[in-house]
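Report on the following structure.
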C-alpha cells in the first residue's frame, strides 16, 4: 500500500479551479450538497488567504516528512499539497525550506492534518497553510509513504487532482469529476445571494423574504 | 418546551449597558463576584472587538438555524444574539446573510456555542462573533426551537435581556437585575486599578503595595 | 515541597540568550537534538512576538496567583516568567497589572500552562504571553506555591535559569548548561540553511540536493 | 455570591423520585421534552448503577473541597450530592472518607463536574459516582463556596431539590416542580415502548410500524 | 447526494468474514499493511465483544436517526450497521428499540461515530456497539440521509459490503475486494506469532529472536 | 541525546516498593506533598489492578517501538515499563507479544503515554497497562530512542529506578531517594484514616470531627 508515487494525475482546467476559489469554501460546500468539508480543527496560519488548486496528496508515516520531498517533484503550477499522516500526529512536517521549494514549483499552499512550523517565515512568504497544529517538532526521513494515492485528510476523502478550496472558513474538497457542475451551482448560488443581501440590508426580514411565517405557525410556533 | 418566542423582554438602559462594555469582560466578571463567564473555548473571529448589549437568546436544534430568522425580528438596536444548540454542535449556523439582516436591526454581534462561517465577510462588515468553532457546515430549516427563553450557553445561564459583555478576553453575562450594582462595582474597581497600575509601573512591588510579606512569612514561605 | 523561593539563580550571559532568541524556536529545538519543546497547545496571544530570556519559574496552586507577586521580585532584566499550575487549570492567573509590574522589572514575557486575561492591554503594552487559554476567570491569593523550583510546564521540564525561546512556532527550553553548545549548533544550522534556501528557491529539488533518489529507490519507492 | 448554605430545601416525595429512577435517564429525558441532560463526558466509575434522588448542590472553588463537608450535613436520606467547580477543574474532590460520611447520611451517590478518587473503595462500598475525571489529585480546605444554590453542572442548571436520575446512560435533572408531570409522561412512554419492543423483536420493521414509507417517499427517498 | 438507498450490496462470503473476526482487529490491521483502522475514540460499550460482518452504511444528518429505520430493512444476517453523521455529533441515535429491531434481522452490532444510549439494555441483550459517546440525547426523524453509500466513519472510508472487524482493540475495515487476501495474510501472521509467543514466554529476548543487536549497534546504540 | 541505554540502575528495596503499592496511588500522592501524579488521561485497560515497581524508562520516537525490545532486556523482576513518546502519539506500541516477553522477565505492568493493543490478551494474561489510548495502530522498528534516561511521561518526570504506583485511581511516581520517607508518611496517613473512617461511618460529621465550624463561621459562611 505504501511506497507508490502516482504520476500523470488528471487535473481540472485552471479557469474552473480559479472560479471555484473565487466562490469560497462556504459557497462551494453548499453548491455540492453540503459535502466535502474537512474538519473544523484545520485552521489557517494567517488570516485572509484564499486559494484553490489541484490536490497533490501525501500519505506520510507519523513524524516522517520524507515523502514531502517526493511530492514536490510532482507539483504543477497552482497545485496544493495535502498531507495526511497514517496515524494521528501533530509534528511539524513542513517549514520554510519546504515552502520555498514548493513555491518555486508554483504551489499555492498546504493542507496538513498535522503540524507546521516556521510560521513567521511562511507568513512573510505569503505561503498559506491550513493545519491541525502549529508545532516546531522536527520529523525524520526514514520510511516510505505514498504520493497521489487517495487519502483521508481531516475526515474527508481527497484524491490526487481533486480541487481544494481553502479560505478563512476552512477547507473544502471538490471531486475533480464534479468541478464543472459544482462551479455552476456555486455561481448560481452567489447570484441569488446578492439580491437577498441587498434586501436584508435594507431591513426586510428573512421571515418575510423566505415566506417562513406560515410554515412556522403550522408547526406550532407561539409568540408569548 | 420548544416552539416559544418570548416578546417584550425587559432590557437594562443603554447607558448602563455601554458603561459595562467600556469596563470589559475581566473587570465586569470580577465586579460581580467572579461569576458570569462563558467557557474559554468561545473565541472572537477577529481581534479587538469590544461590545455590550442585551441578550436575545436562541435555543436551536443541532444543525438547524431556522430560529435565527425568528430571533432577528425580536432584535432591538444594540442587542446581541446568543445561540445555544440543544445538543453539542459545531455546524455553521450563521454567516454573512444573517449578519446583514441582524446588523440592519442594529444588532451588535453574536455569541454562539457552535460554529460560524463567512469569516472574511463578517470581518469586513465589522460584525463581531464569539464562537466555539469556525466551520462552513451548512444547516437546515426544519424544526422549531425557542427564542428568548433561558439558555445555557457555553456553561453559563443567559436569560433574554441579560447583559452580554464581550471582548478579546471572552464573554461575560450580567443578570439584568444586577446591572446597576455590577456597574458600580466595576467602576470602583477600575478607579482603584489606575492608581495601582501607576505604582507598579514605577517599580513598586505588589508584595509591598498589597502588604503581602507578613502574611506569606506567617504561612511559612522560605527564601533559600 | 511548597513554600520555597530560590534566590541567586545562575543565568546564561545575555549575548548567548539573545543569540538563541534570534535563531528562533524551530532552529533551537533542532540544534539540541529535537528536544525541549513545550506542548503545541501553548499559543501566543498576538502574532509576531519573538523573545528569549532566563526562566523564573512558578509552581502555583490551581486558581491561586499569589506566587506571581513573589516571583516578580526575583526577576532580573530580560527574564521570562514560567507558570505551571500544580494541577490542570485554565484560570486567568495574569493580567495587565501583573504585566505592568513584571515589565517594570525588565521581564520579557510570560509562558503559562493556564489562562491569561486583559489581552487587549497586554497587546497594547507589547507584553507577549504564550498560554494554554485566554480566560478572564479571576484567581485568589490564599495558598503558597514555590518560585524557582523545577517545574513541568506544558510537558517540558523547566528549571530556574534555563533559557526560554518563544516565537510564533511555540516555546522551547534550553538547559542553562547547554546554552553555548546549543547556540553553536543552531548557528551552524542557520548557516547551512541559507544556501539550501537559495538553491530550493531557484527550483532545485530536495530529492537532488539531498541525494535522496537512490535511497528511496533502494527502499522500494515505485513511480506508476 | 459565595459563602451561603441554603437550608430547608423542598424535595419531591420519595415515591416519585424512586419511580423516576426506575424509568432511567433516557426515558426521563425524552419525557420532559428532550431536556435536562448533563454533558456526555460525565461517566460512571462503575457499570450498572442506577439511582435517583434530590440534589444537594455544591458550588466549590477549583481544587478546594471544604464545602463538601458543609453539604454533607444538609443531606437527607436518598439525596444525591452535585458538585460544580466555579471554574473548570479535574482535581479529586471526593474519596472514600467523604463517601463513608455521605453514605452514613443516606446519600445515594455523587455527580461531579470534576475528579474523584479512591475508585476501588467506592466500588467496594457500592457508592456510585458520575464524574468528569478519575484523578487522585488532592484538594485543600481554604475558601468558601456555597451549598444548595443553583449551579451549572456539566452544562445543565441544577437547583437544590431538583431530582437527579443517573444510570449507565449518564445523568439527567428534573426540575422539582415538574417531577409529577415528567413521571407521568415517562411512564406513558414506557408503556408504549413495551408493545413496540415486542413487535420489533418479532421482525416487524419500524418503517411499517411507524408508517414511515409514504413520508420518506414524499421527501424523495430513492431505492437504487 | 442525499436520499439514496443502495440495494443489492455485494458481500464477502460468511466463512471469510467469520475467519477475519477470529483474527481480531490488530492482526487484520497489520495484515492489510497497517491500514483500515477507525479512530481510537470509538470505544465498545462493554468489554469482550468480538464481531465481524458486512457493513450496511448510514449517512445521517446531525441529530436525526430516521435513516436507521431505512437501513434496518437492508440488513442481512451477520451484517453490521455503520453510522456516520454528516457533521460531528454525539447525540444518541440508537437505543434498545432499534437494537431489538436490528437484532431481529440478524445484525451483529453497531459502529457509530456519534452517541448511543440504553447501555444497560444493550448490554443485557449482548448487542455490541462501538461509539464516540454514550449520550441519552434524543434525535428526530425529519430529514433524509442515505443508506449504503460510501461514508467516512471515524476517519476511515467504509463502503457498503466492506468487512468490519471489531473487538476490544477498536474497529477495522477491510475492503470487500481484499477480504481473501487480507485473511490469508492475517492467518499467516497468526501462525507466525504462536511460535514467537512460546519463545518469548520461555524468556528468549526479542533482541535475539529478531536478531536486532547488530542493527542497533550499527545505528549507534550505546550501553552505559 | 538519543541512542543510550543506561544499565545498572539503582532500585529501592522490594519491601518498600510493595508497601508503597499496598498504600495505593491517592495515599502515596498525598504522602509526598500532593506531588508525583501522572495525568488523569492515563487509564487502566482493566479495573482492579494495583501494582508498584521500579521504573524502566523508554524514550521512543513517535510510532516506533524498537526500544521496547531493548528495554525488556533491562528489566529485573518487579519492574514496570514506562514509555514516553518523544512527541504526542497514540499508536499501539505494545501488545501481547511484548507483554509475554516482559512478563517472562518478571515485569509487573506498563505505563504508556501512547496507545496499547491486544486488550483481550493482556486482560487474560493479567498484565496491567495504564495508557493514553487503546489503539491497534502498528508501529515500526526504524529509529533509536533511549532506555533508562529521565522522561516526562503524561506530565510527570520519571527517572529509571523511581517507584511507580498504579491502581484504579491512576499512576503516581515516587523519586527513588524519597521512597522510605514517602512510605513512612503514607503509612501514618493510613493509620489516621482508619479511625476517621470508623467515626464518619457512625454518623459523626467532618464538620465536627475536624472542628471546622468556627473557621467557616469566621470566614463568613452563612446559613439561610
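A, B, C, D, E and F label the chains in the order they appear, each numbered from 1.
Here is the rule we use: contacts are C-beta pairs under 8 Å (C-beta built on N, C-alpha and C of every residue); 3 or more make two chains touch, one makes a residue touch a chain.
Everything numeric in this text was worked out from a predicted model, so none of it was measured.
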item	value
Set of chains whose contacts include both subunit B and subunit A	C, E
Shortest contact path, subunit A to subunit D, counted in steps	2
Same-residue or different-residue interface between subunit C and subunit F, half as cut-off	same
Subunit A on subunit F, rotation in degrees - Cα superposition, rounded to nearest 5	180
Averaged-CA centre spacing for the pair subunit E and subunit C, given as whole angstrom	42
Between subunit C and subunit A, distance of the C-alpha-averaged centres to the nearest whole Å	31
Distance from subunit D to subunit B - Cα centre to Cα centre, in angstrom	28
In subunit A, residues with contacts to at least two other chains	34, 37, 40, 87-88, 90, 135, 137, 143
Chain contact topology (line, ring, star, complete or other)	other
Which pairs of chains touch, using the document's own definition	A-B, A-C, A-E, A-F, B-C, B-D, B-E, C-D, C-F, D-E, D-F, E-F
Residues of subunit A touching subunit B in the complex	24-26, 29-30, 34, 37, 40, 43, 47-48, 50, 167-170, 172, 193, 196-197, 200-203, 205-207, 210, 212, 216, 219-224
Interface residues, subunit E side, partner subunit D - complex	3-7, 46, 66, 69-70, 72-73, 90, 92, 95-98, 100-101, 103-105, 115, 117-120, 123, 133-138, 141, 143-144
Subunit A-touching residues of subunit E, taken from the complex the two chains share	1-2, 32-35, 37, 39-40, 86-88, 150, 152, 155-157
Residue ranges of subunit B in contact with subunit E within the complex	61-63, 87-91, 135, 137, 140, 142-143
